[in-house]
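Structures are listed in the sections that come next.
The same chain A turns up in both complexes below, where it pairs with chain B and then with chain C.
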Partner chain A sequence: MQYLVQLLISGLAIGAIYGLIAMGFAVIYKSTGLVNFAQGEMTMITAYIAWTISTTVSGNVFVVAVGAILAAIVLGLIIERLVMRPMLGEPVFATVMVTIGLAVILRSAINFIWDAYPHGLELGMGRGIVHLGSIGVRTGQLAVIATLLLLLAAIWAFFRYSKVGVAMRAVAADDRTALLMGISATKVHALAWAASSVIAGIGGVFFALSYDLSPAMFQLGLKAFPATILGGLDAVLGSGLGGLLIGITENLAGGYLGSGMKEVAGFAMIIVVLMVRPFGIFGERDIERV
Partner chain B sequence: MIKHLAAASLLLSASCLTIGPAAAADPGITDSEILIGDVEPLTGPPALLGVAASIGHKIAIAEANAAGGINGRKIKYVLEDDGYVTARTIQGAKKVIDVDKVFAMIGISGSGQSIAVMPVLEKSGIPTVIDVAPVKFLWEPPRKNVFVVGQSYEEGIIHLVNFLADKNPGKKWGLITQDDDYGITVRDGFDSVVKAKKLNVVYSGNYKKGQQDFSSDMLQLKESGAEVFLAGGIIAENIAMMKELEKLSIKPVTGIFWPGRIEPVLKLMGPAGDGIYAVDYVEPFAGSAGKAFLEKAKPLVSEAEFKGINRYTMTGYAAAKVLIAAIERCGKQPTWACTIAELEKTKNVETGVMAPISFGPGVRFSNQKLQIMQADAATLSFKPVD
Partner chain C sequence: MRTGDYKQSYGELVALIDSPPVWLWSAVLLLALIAAPYLLNSYALSFLMIILITVTGALGLNILTGYTGLISLGHVGFLVTGAYAYAVLVSKYHMPPLVGFLGAGVVPALASLIVGAPSLRLKGLYLAITTLAFSFIINTVILEMRWLTNGARGIQVQRPEIFGVSFDSDAAFTYLCLAIAVLTLLATLNIRRSRIGRAFVAIRDNDTAARVMGINLHAYKLFAFVTSAFITGIAGALYGIYLSFVSVEGFPFLLSIEALAILIVGGLGSALGAVLGTILIVLLPEATRIVFSLFSAQMDATFTTGAQELKSMLYGLVIILFLRFQPRGLVGAWHDIRRAWVHWPLRY
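What follows is the complex of A and B.
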């Protein structure tokens, strides 16, 4: 039983990180209809910036958190303005290819700006081990689970009650009608890129805190993408929950079926789920009338 | 007329044969310069080894240039980035050989990359010294122009497992490896000792390259009751594994392989890394040879490069020293043929960073002496134990 609980807790912890990055994918898709293949790289860049702040400005957790969030906003806005906005109206395939190119550039930037060595994000908290009964958990792992749950609630409220959230939903539902209603689609897109960058960046910073920073960190995007597909590409909250499901599934598969099954379990799961619900567990069926 | 043309052709052919390749200047050499080429991963996670190895080459070249170069010619280093992508290694090697027209090659990326680029090197006939990733295919069968400085991965693992087995008789063993050619080599070395020493292996895992979370793997290791653990990760993987073991409150006797034996790893492992064993054929930086090397390197490289020094800098330095010495022995007019012949004559060349290096007739592998080291978390260093 203890073995199972340990697997579940570890699965929830890594799944929460996948969930945050998956929410980043979904925010952009929901607002722009675009899959951002540079999501993992944007996550990594924010985490590296957080590390730079911690080593050069201050290791205080609040300074690092505020600095990283601001940096993530700026990163999202710059990418939207300089890279994505010129692609407005272009074929989706071309736009997706641009995000792939962006991913390669951001990946290479790590070595040019920082280095290839792994680094630890030391904030004086998050790396300690607490024991829940006889089960050891890092405080950063507990914090990321709590953060995901808080963000899920906050994002639900944002889309449900705030004017901006409703505007984003309107643009996602029908951007032409939204435009006629006085909503600026470009502003909504910019906001979506900034929000996506922040949400995924939080996942990256928690990953760096619980594990380490390394130039291979962009691969988190590859793990989070199935979570988005599972939860529903257009379902921000569903993507967050999809992350938890993928994390738990991976860990249970790794723990009971063997190490080799860990990495394929998440993908096997989405194949099965998509056969039943092609739009994801929480996604909306896209009805096209002809 | 035809007779005259035929005679002229014969005369021309004969003169070419008489002069031979020695007189035809080999590429990459002018009155004032000798070009040495290299292709390394300078971007992406493996840049950790590629950048460090290239710094080693630069140190040896700077040292030689400061002493007047090779018989008066300054050495120029031409470095290409392959991003650890095999197709780019081949492309980079072709570019360096055919476009930059270097005189000799050194380093050359990871094991898979150097294997893939071998036909290009063999076909060109360029003198080459490989130092980053020594694998048997590179010297078995021996290629005329390709020399390898180092020790085989398999021998390294055998040495480490034998040491740990002798030190921990009758204990239960656990092993985890990566699902690629590196992991297969580690596993092959491990399995050969398991058979010979009849080790009791209770856990055997295989992780996918790029895996970052090892919680379920290490939990399985704990459940298996393994007391001695061979962590077959490279760098970040071993750190993640040791931290998981710390979280699970277990500390098996652990061995790691030389790609992960770099000092920053110990800092990231923290107390979890204290006492882990590693095998290597280059000197630890904590020893007198390591300190002397760092002293020598400091004025020869930039501050940023100095920070990038790790064990691969030592392997790169040693290989460059051997190559430079061989070219130097060829005198004022070095050729490829002479350089290859002189490389073959390399006998007990001291580099200060590993045991003396030797090749020989038909011997293209330096077969370096191995040593076991143990991590000291307090000083963030590895110290020899055997």
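What follows is the complex of A and C.
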């Protein structure tokens, strides 16, 4: 029983990280209509920048947090301006392939800029252990779950009530009509990329706090795919919850079936889910016209 | 002056080769390729082998992604399945290599039915991600089935001997790759100009409209998956033989990206494009290395230490630049040049 609870909690913690990255996917999909295959790499860059700040400038939590968030915003804006904006109006296939190309470039750039050894992000916190009854939980794990829930609520409210959020949904639904209505699609896209980069970056920094930075970290992006798909690409809330679900499934499969199963549990799960609901659990079905 | 291509009968429209000069140049190219193993040194020959093997694989993906418009991010899954099928049949159970090649086609084809089945309900990006999931699952399956695949240790593969002819030398193996690549090219071109090929293209352009016109979506999508996986599997077997060692690490996820890059660079949905794209993508890292070494020895050193990173960076850059500036790929560029050549000094 205790083993099960332990697995569930660590599943929730890693799931919250997947959830944050999956929300990054969903924010971009919801406002630009494309899947950003470079999300994992962007997450990784933000985490590495946070690590660089903590080792060179200051190990203070607030300095690192603010620096990482600013870096993530700049990264998102640069990518949007240099790579994605010229592709505005091109077919979705072409644009998505551009993000794949971008992912490959960013991944090798990281290996060039930083070395290939694992690093721990030491901020003097996050690795302490809190006891809930008889079960020990890391503070970093609790913090990431709380952050995910907070961001979920904030983003839900943003897309539901704020004018900008509605504009973003309008651009995703039909960018031409949105332009005619006086919405600046470029501004919306820039905002979406910055926001997505920050949300996913937070996930990356939490990952670095609880585990380690390594060149294999881009796989977080691949792990977060199932979460986004599970929730539905256009459902930001669903993606966050999908992340938790994938995290738990993965950990249970790893704990009871073996480590090989842990790697693929999420992927196996989405294949099954997509067979039943091709648009994800919370996704909306598109209506098609010839 | 030649003013245009006038097609007067249906047969002319679907002809494999529509003008005598193209026959001539194709024959010249084939002769050059046959002579190549005797003229090239072993370093250049290894590139020729890689190009021929990659062409086979790219043509396989072209049927699925280029013709039918189903994006696959997991084609390396079929490649690795084919390689393992060959390795297990030939190295482990000592079957004749021809049976091995048949298995290398059939096993991925069967696997593709499993991936293809959900694809009947999925579209676009959701399908791309399902295929991605497949390629990760297949790797784990291979690693877990130790009794059959030796797990992470991999399987040693010898160069084959078919009907008493040994393909042990590089030249002979190049001929084997050449034969398979040419056969695949002919097969793809023939599929494209048949009823099946037209159905594929109709599905790509608009699946709802294709369905209304009486095309059985399920049958044709599955057929595209099976054909594509069959061809890719055989390319995988060839690649395994080329590496002389089959392991999961030998088939990294980057190969899926590389295959898509080839199609984009060459021009989606064109067999010629797949060939041109392969040549460019395979030779690109080498060409860059030569350019780098011209500048300075230090840059050459950077290239050798970070070869893998630079290589993948180049793929990414090439994908982005082509999509941005020449979305129709090398084939599109070739068509433009040809038209300008024929019609000069008129625009059209």
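Going forward, the second predicted complex is superposed on the first by the 288 of 290 C-alpha atoms of A that agree within 3 Å, B and C clash if a C-alpha of one lies under 4 Å from a C-alpha of the other, contacts with A are read in each partner's own complex, and residues count from 1 in each chain.
Just so it is clear, contacts are C-beta pairs under 8 Å (C-beta built on N, C-alpha and C of every residue); 3 or more make two chains touch, one makes a residue touch a chain.
Small disclaimer: the values here were computed from a predicted structure and weren't measured.
When the two structures are aligned on the shared chain, A:F93 is found in touch with chain C, with no touch to chain B.
When the two complexes are overlaid on their common chain A, residue A:I113 makes contact with neither chain B nor chain C.
In the superposition on chain A, A:M181 makes contact with neither chain B nor chain C. Of the two partner chains placed by superposition, A:A157 touches none, neither chain B nor chain C. Once the two complexes are overlaid on the shared chain, A:Y211 sits against chain B while remaining clear of chain C.
Look at A:L233: by the touch rule set out above, it reaches chain C but stays clear of chain B.
When both complexes are overlaid on chain A, the residue A:V137 reaches chain B alone and has no touch with chain C.
Once the two complexes are laid over each other on the shared chain, residue contacts for A:I78 go to neither chain B nor chain C. In the superposition on chain A, A:G260 makes contact with both chain B and chain C.
Overlap of the chain B and chain C interfaces on chain A comprises residues 107-108, 111-112, 222, 260, 263-264. Across the complex, chain B meets chain A through its residues 42-48, 51, 83, 176, 179, 205-208, 210-213, 215-217, 219-220, 223, 235-236, 239-240, 243, 246-249, 262, 264-265, 267-268, 307-308.
Contacts from chain A toward chain C in the complex involve residues 34-35, 83, 86-87, 90, 92-94, 96-98, 100-105, 107-109, 111-112, 222, 225-226, 229, 233, 260-261, 263-264, 267-268, 270-271, 274-275, 278-279, 288, 290. Contact residues of chain C toward chain A in the complex are 71, 73, 117-118, 121-126, 128-130, 132-134, 136-137, 140, 143-144, 206, 208-209, 212, 254, 257, 260-261, 264, 306, 308-310, 312-313, 315-320, 323-324, 327.
Only residues 3, 6-7, 10-11, 13-14, 107-108, 111-112, 115-120, 129, 136-138, 207, 211-212, 214-217, 219-220, 222, 250-255, 258-260, 262-264 of chain A touch chain B when the two sit together in their complex.
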